[in-house]
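Each chain gets a letter, A, B, C and D, in the order it is written, and its residues are counted from 1.
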Amino acid sequence: MSNKLPVGILGATGVVGQRFIQMLENHAWFEVAWLAASDRSEGKTYAEAVRWRLKRAIPANAAGMKVSPAGPEGAPKIIFAALDASIAAELEPRFAEAGCAVVSNSSALRMKGDVPLVIPEVNSGHIKLIDTQPWRKKSGGYVVTNPNCSAIGLVLALAPLHQRFGLETVMAVTMQAVSGAGYPGVASLDILGNVIPYIRNEEEKMEEETLKLLGQVNGTKIVPAGFAMSAQCNRVAVEDGHTESVSVRLKRKAKAEEIIAAWNEYRSEPQELKLPSAPERPVVYLEANDRPQPRFDVDTGAGMTTVVGRLRPCGVLDWKFTVLSHNTIRGAAGAALLNAELLKAKGYLNPDVGK
Amino acid sequence: MSNKLPVGILGATGVVGQRFIQMLENHAWFEVAWLAASDRSEGKTYAEAVRWRLKRAIPANAAGMKVSPAGPEGAPKIIFAALDASIAAELEPRFAEAGCAVVSNSSALRMKGDVPLVIPEVNSGHIKLIDTQPWRKKSGGYVVTNPNCSAIGLVLALAPLHQRFGLETVMAVTMQAVSGAGYPGVASLDILGNVIPYIRNEEEKMEEETLKLLGQVNGTKIVPAGFAMSAQCNRVAVEDGHTESVSVRLKRKAKAEEIIAAWNEYRSEPQELKLPSAPERPVVYLEANDRPQPRFDVDTGAGMTTVVGRLRPCGVLDWKFTVLSHNTIRGAAGAALLNAELLKAKGYLNPDVGK
Amino acid sequence: MSNKLPVGILGATGVVGQRFIQMLENHAWFEVAWLAASDRSEGKTYAEAVRWRLKRAIPANAAGMKVSPAGPEGAPKIIFAALDASIAAELEPRFAEAGCAVVSNSSALRMKGDVPLVIPEVNSGHIKLIDTQPWRKKSGGYVVTNPNCSAIGLVLALAPLHQRFGLETVMAVTMQAVSGAGYPGVASLDILGNVIPYIRNEEEKMEEETLKLLGQVNGTKIVPAGFAMSAQCNRVAVEDGHTESVSVRLKRKAKAEEIIAAWNEYRSEPQELKLPSAPERPVVYLEANDRPQPRFDVDTGAGMTTVVGRLRPCGVLDWKFTVLSHNTIRGAAGAALLNAELLKAKGYLNPDVGK
Amino acid sequence: MSNKLPVGILGATGVVGQRFIQMLENHAWFEVAWLAASDRSEGKTYAEAVRWRLKRAIPANAAGMKVSPAGPEGAPKIIFAALDASIAAELEPRFAEAGCAVVSNSSALRMKGDVPLVIPEVNSGHIKLIDTQPWRKKSGGYVVTNPNCSAIGLVLALAPLHQRFGLETVMAVTMQAVSGAGYPGVASLDILGNVIPYIRNEEEKMEEETLKLLGQVNGTKIVPAGFAMSAQCNRVAVEDGHTESVSVRLKRKAKAEEIIAAWNEYRSEPQELKLPSAPERPVVYLEANDRPQPRFDVDTGAGMTTVVGRLRPCGVLDWKFTVLSHNTIRGAAGAALLNAELLKAKGYLNPDVGK
């Protein structure tokens, strides 16, 4: 019998739920034991309920699993959540209340004062907030979140700069993949040969999440980073991979080679702890003058590495560059999975989290 | 017999050359009398030489016209030039030398001190520079240019703001259509499902041309506008229409409604002179929160109107918004055509320009 | 006051409903007087209710019109119907029962024995079936239908051959545009960089409708054409325009030039009657060896002309060729509109059809 | 030191050349020792010369290799050739003449009477023709070819049917990926939102190669298969994977389950010999009613498996179905590689082929 930790997936049939199942197929520590989705999937096998949209086939063990109702009864104590925000707002607290470790990709609770919003390479210390959650005190359960798919690549590119030079100003314009909108998501009549210069709530999320992620823990609070920040978000006809044109002003002036070194040398706790899903290099800088490009670079580091390129002086701020990140791996399922691995390494997970 | 002015087209088989022919088909003032292209087209009819890439069929009179050698002998005295920069650098002066009015879409001479770079709505006064050109003095010929396809939409959106409020800082990130690269241009293997974060020399052109266009004539010189400017240029899988995410800081603070009014009320010399290709409204602001989009808005004003949308406060500068402009009409052939119409209205064109 | 006939549109907010409104904007005979859509649109203005997906803006008179409930009370007596089949099956008879002339684009009743399935160029005689409909007898109302968007282009290409040479066998493989699936229709994650070799019920419709359209009226019945027919239907990443690779065997052997002449010379009743939406040429053959192509040829004849190309011998049947037809104009809204014009010309329409 | 056989690649910088290098990176038997490309690449390293268009990075050993002149001097005795037909026609004989085993993906010599055109699963016996080649007799060198990328998937789907039931008639319509046209190949302005119903010479190749591949060796000749065959070829906006809508008539009538079994049970010599690049299953039938699709199924069997789906009765012939095959793996580099593995297993390859 396996001695892996059993985990459940809330929202298992969506695009991010599918990625969870794919990334957990042969995971060293976790094993999918329970799948839940909306009512209309209940009672079906997962293979019947899902419209599988990934290139590799459905893992066999998941394919035959019955889809359970989306409540904590009978669910494992470790839950990956990939729910729409409105549903998450109601369901995630119920699972935490019931003693589950809820590792969430949803935006519902990210900005809540006592909910850690975590990228393990960047702000693993924020997980301390768990102990301030009322659920934790009552049932042992808690909620930990990862950022929006457009914020995570940006923050991984910014963190090494913030650490070494300090950030004063950040401007980002995104060109985001359609998979970020889920399935069916963006209609083909809306995006073929087109750019949509609007994604609901996305700019707000990018701006506030970036500041929380790069903020400091002060007792039981996060003090957001203090730099100025502006985001503009666009949708383009790309399947996977959010590309971002970024400009920054630094507190301490830096040369191009120092900045590139900051990215290429960046290693952090997940790399030291050798977490199973941690990429060897969280950030990679490409020298070619026309990279990164989603079609060719999105799978770098199995989709967990943020790829940066085109560093050059900015006529307004100090430097400009391009960032690429896989939006459903590093930007969603992989983000939550790495969070869960961090929690495990830090002793926050066991088969009976809240017992 | 027609009493329209005979014009010639240099680079007639390219994507921009094709647009010239299409836009001149039933022009009120001009008539295509001569077509030139590279050596391998010489002697063929235009229909044989061209790989026509527009939706409406080749105009009949152009279809049967013989393609001439690309020299001023036998050419009309009014020349529209749609040449690659390296060829333009050599050919355009030869035509000017020979007494031709060269109305050029090429980048070769745009930044030359005595060559006007003109958008008729924005800086029609710059055409005075013509009189300082040595060709003008010698043969009567001259060169007038229009800006790069990524600069023109931006400048049309900026000019009303600069006029009313003054610009202090401008940042622009583009998502440019493949037709901007000519034909065959961008390979399908490079752009399907992809973003290319690099277009050779494009950012430099956008930055320096914007400042020259919004600059002031001082005697025989243009003093470039003094604001800070930064551009990042990306290619996306769109056929026609460059979309730009722009942020600005203004000298005099303005409310959203004042800015929108500045755009919607903008009228200028081409509108007053009723130039045949002038759009009724050079700039239109759309209220819908997800517009402009190239697929739906690129043909506004027959492709001559710049469409703006999504005005909202910027966390770093003052305001951010989205700009869309048709890159081969307003950004190329239509730009040159409107320049020619301005020149005609101002008395700079006649059938024997330099006689 | 206008003396145009007032018409209503059922399913006005869908992709085909939008085309109806666009094509009726300045129609010589008809005028949109009433719009209906699903319950959730009721009470809104059309501009509020619709997600407009066409390039030209919403016609002003339609934009401000209130969306009515989808029942015959208060509706005009001429109704264009663009409903999903399941809804059409219930609603269209209700309108016919109430004395309306229902000119339908839906598949619900197309194959019913007493419902004419009509392409005015091909089988205008079939409208006689109207007089056999029980609704007609009772209230004066009736239903006339046009074929599926994939059948209509094919049949327009086949009809001249059937007429001159006789068809013995037809094989067609389609590559269909996403607009054929309505809005939101095909998800972008399903079609970007992809081909979907399946469209529900489409092959069955193409096969049986083609035979009914090319069939003969025998008293009060249609005897379907007797040739063998097979269709395979694929979806591709094209916005508008169904392309079809077709092979045929003819009863009487014909030379290439005879076949091309049959297409190019094809004129029929709508052309003779000068129906307002009738294209001057229902079928056009292009000589270029790589045409027709949807991007360049779909708007031929304002989207009402079927474009054929690449005629060459077939190693199995006699001849093979490529057919292109605009699926939401000639294949849907324009088809119904031309049917209505035929009905008007034949005396089947008046403002109080069933009185 | 490695005891793998050293191989060279002619046309190493093209799309197929790149696939060769990728597939040979860790090959069990072969090792890339020499790369040649056109004159303008000579003297550069491979990394400098190539515009690498694959998702995984350039293998390190190839990246640093110098590009050699395209002549047999200094080349290994085993040559993979991925050349344009016109160049191949001149170069391949020169290498064979010089004693090389030329394993070619080019069309130049495929239909030559004494050149085997081989798919190892289908007609491995055809390699006997090698011994009839004059080069073989003179220098030991020879040429073996694989079919066109559109023929190979079709023939792998047809072979099991031909074997069990006999083919009488075959009709195929293709929807081919842009990578089949090489790089830069298809211009984005030609294919975005479009279908091109023409690929030069492709239909002829599909038809004649299919018959040669399924033909019989008779002494020193191939007697082509005798069934009737017709192909229509289209280009679509897909990156990798040719999809084909096929209809067949069989000599011996078969039920659907017999046909599906014929595909699923198909195993052949490469599987028995356990050739390193042989897929476990050459043909797989998918039950889902909307598969195969290039985006989701093209990598089946590492791109070496032909995927079939949608078997259903045909109204004209007996059965129709959809075939998908990876055009640059199974349809080009993988085809040649599997041919080379077959030759090795049969004793036709050694480090000094022609000595």
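Everything that follows uses one rule, which is that contacts are C-beta pairs under 8 Å (C-beta built on N, C-alpha and C of every residue); 3 or more make two chains touch, one makes a residue touch a chain.
None of the values given here were measured: they were computed from a predicted structure.
Between chain B and chain D, the least number of touch steps comes to 1. Among the pairs A-D and A-B, the greater number of C-beta contacts is found at A-B. Taking each chain's centre as the mean of its C-alpha atoms, chain A lies 43 Å from chain B.
Separating the centre of chain A from that of chain C, both taken as means of CA atoms, is a distance of 47 Å.
Distance between chain A and chain D, defined via averaged C-alpha coordinates, is recorded as 41 Å. For chain D, residues that reach two or more other chains under the stated contact definition are 53, 192-193, 237, 239, 295-296. Considering their complex, residues 53-55, 192-193, 239, 295-296, 299 of chain A touch chain D.
Against chain A, in their complex, chain B makes its touches with residues 169-171, 173, 175, 192-198, 207, 228-232, 234, 236-239, 243, 245, 247, 289-296, 309-310, 314-317, 320, 322. Within the complex formed with chain A, the chain C residues making contact are 15, 53, 178-179, 183-193, 237, 239.
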